[in-house]
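Letters A, B, C, D and E mark the chains in the order given here, with residues in each chain numbered from 1 onward.
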Amino acid sequence: MSVVETNEAAAQVPENWEPKIIAFCCHWCTYTGADLAGLNRMNYPANVRVLRIPCSGRMNPQYVIEALNKGCDGVLVCGCHPGDCHYVTGNYFARRRMMIFKRLLEYEGLEPDRFQVRWISGAEAGKFRDTVMSVVEQVRALGPLNLTREIPYFELPAVPDGEEAFDAVPEEVVPEEVSA
Amino acid sequence: MTAQDTIRARARELLESGEVASFVGWEAGRFANQTTPLIISDPADADKLVFNEYCVNTLAKYVRDLVPRGKVGLVVRGCDSRGIVRLIVDQVIKREDVYLIGVGCPGVIDRKSGEPLKKCTECRHNNPVICDEMAGDEVAKDAPADRFAEVREVELMAQPERSRYFESIYAKCIRCYACRDVCPCCTCRECFVDARRENWVGKQNNVAENRFYGLTRVMHIGDRCIECGECERVCPMDLPLMKLNRKVIQDLNDLFGEFESSMSLDEGPEPLITYDLADREEFM
Amino acid sequence: MSGIEISHGCAKGERPLIPQVCRVVEITQETPDVKSFRLQTLDGKKPFDCMPGQLGMFGLLAYGECMFVVSAQSDEWVQFTVKKVGLVTEQLHALCVGDEVSLRGPYGNWWPTEGCKGKDMLFIAGGIGLPPVRSFLLYCLEHREDFGRIDLVYSGSKYDDLVFKEQLFEIWPNEPDMHVHVSLYREDPQWSGDIGYTAPYLETLDLGPEDGNRVAVICGGPSLSRTCRESLVKAGFDEGNIITTLEMRMKCGVGKCGRCNMGGHFICLDGPIFTLEEIGRMHSDV
Amino acid sequence: MILNKKNLTPLLESMAAGRDVFVPARVDGVAKFALFGEGVECAFDLVNTTMPPKDLLFPQTQKMYHFDVDANGNYRIREYDESREQVVFGIRPCDMRSIVCLDEVFLTKGFVDEFYANAREKLLTVCIGCASAAETCFCESMGVDPQAAPNADIMLQDCGEVYRVLAQTPKGEAEVANWAAFVEEGDAEPVACELSLAVDMDGVVDKLEGLYDHPIWENLSIKCLNCGTCTYVCPTCHCFDISQDMRRKDGVRFRCWDSCMFSEYTMMAGGHNPRPEKLERVRNRFMHKLNFFERRYGMSLCVGCGRCVEKCPVALDITRLIDDIGACDVVPVAQAE
Amino acid sequence: MSRIGVFLCYCGSNIAGTVDVEAVAEMARSLPEVVYVETNKYTCSDPGQEGVKNAIIEKGIDRVVVGACSPRMHEPTWRKLLADTPVNPYMLEVANLREQCSWVHKDREVATAKAIDLVKMAVAKVARLQPLHSIEIPVHKKALVIGGGIAGMQTALDIADAGFQVTIVERETSLGGKMVMLDKTFPTMDCSACICTPKMSEVGNHPNITVKSYSEVENVSGYIGNFEVTIREKAKFIDYNLCTGCGACETKCPAKVTNAFEQGMSQRTAIYKMFPQAVPAKPVIDAEHCLKLTTGKCGVCSKVCPTGAINYEDEDKLTTETYGAVVFATGYKLIDWKPLYPEYGGGKYEDVITGLQFERLVNASGPTEGHVLRPSDRTEPKSVVIIKCVGSRDPNKGKAYCSRACCMYSAKHAHQYLDKVPDGKCYVFYMDVRTPGKGYDEFYMNTLHDGAQYIRGRVSKIYKEGDKLICKGEDTLTSSQVTVSADMVVLETAMVPADGIDELAAKFTVGRDADSWLVEAHAKLRPVETNTAGIYLAGTCQGPKDIPDSVCQAGAAASKVIGLLNKDALQSNPQISRVNETLCQGDGACVNICPYGAISIVEKQFRENSRKVVRPVAQVNPGLCQGCGACTVTCRAGAMDLLGYTNESIMREVDALCQW
């Protein structure tokens, strides 16, 4: 009746679990910094996937909710240092918004380490690496995000084979003989 | 003359003189001590207006739909008037679109329990913040000792407990959107939940989608919330929505200076669409 | 009750909400934002048999589905004509021949092919309103001897918006006793023909009711429908002899989802084809 | 046959073996039909649950079919029937009447809704009559007997200490045959249920025909907030929307409750909306409840449960509307067709 | 259903060494709407690019994902490539498989898994992108220079010499700015007027330059290439077409007014030229003090004017013109020290003067004709105290910054004083002496040699004893109290931005720092550009500097302007914000947040459900919007979206990472 799937069981960490973390990085500073880390062949854990946005001011809190809702264990938002924004003021707005939003998420029970915001400049390849390393370790220590997500749509009852599946396509629907 | 008499008399005058095209107040409902919003355009209906301690509905939101018909008169208490300020600041209406009859509000009583309504015990501004005239005097009322008591209560819970608490809220939500539709801050032409292209919120009713709606709603109204408490009152599932709204307000208050939205028409920009170079830095 | 008799409530089907997978076999670009798609089942058969005016729910499993009138059909395929207006149609427009799509139907009633036998036909359409009407028009041409004079009054806001241009300007005008009248709402460098909104243009054509022997079929946007109805009534048409389709109000297609009611009538179940006289008797929000 | 109220819990425990039994309960403060089991406190004292039982047959979100793309890039549609044997125990006569309405909608007029049909077939309904009414109950006015539900498989009429057990269908008879341990032979007199709220439906349906453009709708709709509360708590509202969710190449088509009160409900591709304003939406809802449905299916779509009266944030009250219609000075128009 | 082509690059072994590119390709083939996947050793090589082009044509691809190096590296390359194909250049997404994957991870399995996710995200995003088209922005080949000081004049001359039309707007009645007030310029001690006034006449006579003196910018709209600027030319009451500049009127005018040019140390008439060599060399009537205009009686100038050029009915004139580029050369003023330093008398001692007053005192055409005479009694001061850093480097009272030029001009003042009053004594109170510059330190050393006495410390108090000014301070080098009895004190006060800069900069949406200096686009790499494209900075409006630096920057700004005006049209960046007017409710939150002033609210008419409705909606100026997307977040309804980074595309990218 109720579509709630309580997720108590997820408290046990599955074997081979690796934290999945999304990092929203501004194009001008942090993304550049991350590229620099690559040029310098720095090494950091691969759990973070970078999503490029033009500016941390573009960071809509709704993306964070989506990421947490749909399966990320942690979210990192990075931008230029305040004062260095390519677009002058974007990160000042982002700073305010993210401060409020982070508190709200924590209020709703999200562990603080799962949502982090950092200013990383285009030169701070080392800071990028260190941030990624620490976020991954912190989230790893917390384990999988224990959030009730959604009904497990995709777990199906016994799946018929390809051939049978097509048999399941309904018969053509033919209208009755047309009357005048 | 009681406030109710004044309201009736003035409503009649305003409608008769053509100063306003419609007038918004309350009328008695079917059941004992029940009231319901009343919108009239015929001066003869003025005697249907009531004002008593059972007028639960705030009226500001109605103005939006009525303004195209001409100037709107309405009765405003503290909460209604802040709703009007909100609508004016958000450019939904103009100040000259409304004629406001202020009335001091001693707080509304729940007709079933006979106790004061929660939203009224938490109210800090029971007298109108703007109006064109007053029906009766302002009413003195004790402001709640701690505006954020219920927020702190939740904050004191352990993290997993808080998580469970809010999940149970989202599990109960049926997404009827009454909280949105009653809110004077929610004036979008189309709510983000209806945006099919972005598909922010899936149509399914489940904890995750409801959480998306719930959190986003708070982020959208947080720095504009007038703290009328109507969202919480109208919720058919009795979800404690003000605990979310007030959390954001508390943080805005703590971080960016004393904050109470919609107290006057010439407030600066809301805290989240402005910044200060001296804002606290916690993301280094 | 006077006027054309239309079958209502004739749509039926089992398992009505489950689609079949079909394949796109031919795509025609009608205008910059209109394309026609011919569909077959995966084993190369016609997906369903239907009468002119009936509809199919054509869509993409990943994006959603929309209701369209079968704009043409043969023994092997059905065709839908789709204008790019929203989320789903945008994706439909990106289809290529060979792509798989979902299709369910047929739904709705059909044009009164029997009831109109022996009558003069006046088809009135605007913009993307022609495809639904065309299904009837094609039927009339196929059974030419059953119908009298055929007039098509078609208009659009610009030349590019006119669909089926080849048929419109080359084929149909040469059909026996068929008269094609096309106008544009405003001047267009590509257009040297008539200019005018549909209703005033219609009035200039002086097509009378022929003592109830002429049937008008209208399909277009809300304002076109309203103004043309007024013009026809002014010209003496009985509302019972004016037919229209309300297919754009259909959503689930099976009369359950609740959107399609017009008073006590459900467009999905009773329509979408009605005479204006019938619609006038309904409590309808248009 | 009578059933002592003391035997309710043991009876439910025995019934719950092997199938899902839903009982009225307060879950986290919300009164609804909940799966009987550990930790669920039955609330047979509730006259009415806040949430109606319709989602047992027509869930708020219902998967319809699954689709995916196989290795060759071909779509496959895979169906599943998730319906299972369910019992609803303690449903009230008004809600039983709502099932009559839903049966009409989903099972008749050319198209049979298989999802509803499957669930309906597997649902055993045990209705408990009402001995007392809530302030907002007006089922009698809508033609519902608070102590009778002819379409229930089993009717339990409230006789104070005991229920009078009536097996009304073969399914019900078969079920009651298993109740031997909990029921006893005998008879009892149902308690007469006193309703404080009544409306006069006399002539309202016909009168509404002529009221379509009456200012009454304007006055009513103007205070509506256009939220979906009334439709979601209504036991007979059945509007839905079809949507899909996609993960890579796996997708699910599902349907979920929608509300005719929402502005985007009738919005058509291209932006035209046949019911753009509150006026049209509110009128449509109440006309549907009181007239359209009556005309089409011969019954009212309002069963008098009073949930919307209770829950409407602005006390927009269908009983007052009915009174107002009664007071309107309009000659009833004969049925249009 | 889009048709996506995925092109994965080995980058030799740069990517393939760590990432199993073929495994990524295999996975990519199973992604929705992907119709073609190709791997290549070097996709960016010529054969690699050719392969991409061919595949696009052959497979009917309409969107492209490239998995290769960072988009910061080759995104422009791919865009250019796509421009030659039927695929829109913006239907492209680059998955960063090198800098952010293969180069930073060692484990092949882990790196491959990450590469797979990155490609999934790119495919999900590209499927939701829309084709975008740059628009051509025409460039009006005309520049506006605001300010007619040395920086403005130099900019104008350089641009005009390159063949472009320039308008200079000068608020005062003459060009020249602060430089023309100076007596000599350090370190070469050329006569300031001698090098400045030729520039002024060059500007005044240049065929490509229009000088609008006594004028201010009233209004601005538009964007790079197309700034529509309205200029208010204040009423001069003199017809410049008739006036010959003979000066007869000035000699007869009975009204006497404090002379601002002479720093208040003399008087001028109400009809006046700022100074004799003013350009334009014609007077204006100061309406505030003219007897005719204030009382209606007088009219002498009209009577004496031989050409009848006087027109008492004159009014302010507004003219609007379109400019392709704008240069700010608004300069500085000296800080008003009086309220800040009550311990220096706060203005009550006439003989406590500023450096600029001193410049006039030593200037041969100044009020004392170049004799150093103190203002109070016109006697020659035998002892002068010069105090540096008044208002500078003093965050408690004035500004925290160093005003840069004062060290040098205080040395110059000491030198000039000692030169003119050989028996005089000169004491310089300083905090530091900063002399970086060609010939600067040598100059300072010469001044010491001249006998100027430098005392390290601030003067804490000045008070009057008889006709002496007693300056008390601490010599921080000897930690002793110092008391100097002076005849005159010169305060070398801080530079601050010119009056009205906040309002003016706001009109052009040019950023200001906390002290109201205009902010350059990048402190190191774009020092003369602002964040608003097409607006440049020259001289001290950007921060304190001396004349050579101002002239340098002026030349740099001019070269930027010339570069811009040389183009006939600009290609706009199409990745900018777009308004969905159906959803927009016009509450203007986005207007508030836009750093470029690119958004405005306009009333527009719509057809809604067959009714005409007029309502406010936001409008994005495509020339001003830089595509930061800050506005999109403030828009609750999502009416504002950023093309290229739409809400939809980002949401699906997140979904792809989580669920695909």
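In the analysis below, a residue touches a chain if its C-beta (ideal position, glycine included) is under 8 Å from a C-beta of that chain, and two chains touch if they have at least 3 such contacts.
Every value quoted in this text rests on a predicted model; they were computed, and no experiment measured them.
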Graph separation of subunit D and subunit E (steps between touching chains): 1
Most widely separated chain from subunit E, with each centre as the mean of CA atoms: D
Of C-D and B-E, pair with higher C-beta contact tally: C-D
Between subunit A and subunit B, centroid-to-centroid distance (C-alpha), Å: 34
Intercentroid distance (Cα basis), subunit E paired with subunit C, Å: 62
Approximate Å spacing (C-alpha centroids) for the pair subunit A, subunit C: 46
Between subunit E and subunit A, distance of the C-alpha-averaged centres to the nearest whole Å: 40
For subunit C, residues contacting two or more additional chains: 10-16, 18, 20-21, 42, 62-63, 222
Contacts with two or more other chains, residues of subunit D listed in rising order: 60-61, 76-77, 79, 241, 243, 245-247, 254, 258, 272
Shared interface positions of subunit B, touching two or more other chains: 171, 190, 192, 197, 200, 202, 204-206, 272-274, 277
Subunit A-touching residues of subunit B, taken from the complex the two chains share: 151, 154-155, 159-167, 170-171, 192, 200, 202, 204-209, 211-212, 215-216, 218-219, 222-223, 244, 247-248, 251-252, 255-256, 271-277, 279-284
Subunit A to subunit E touching residues, read off their complex: 20, 22, 27, 31-32, 34-35, 37-39, 41-44, 46, 49-55, 57-63, 66-67, 70-72, 86-90, 93, 97, 129
Of all residues in subunit E, those that touch subunit B in their complex: 514, 582-589, 592-593, 616, 634, 636-639, 646-648, 651
Of subunit D, residues touching subunit C in the complex: 64-65, 67, 73-77, 79, 105-106, 109-115, 209, 212, 238-244, 246, 251, 253, 255, 258, 260, 265-266, 268-270, 272, 274-275, 280, 284, 287-288, 291-296, 336-337
Complex interface listing, subunit A residues touching subunit B: 2-5, 61-62, 65-66, 69-70, 82-83, 89, 92-93, 95-101, 103-105, 107-111, 116-119, 146-151
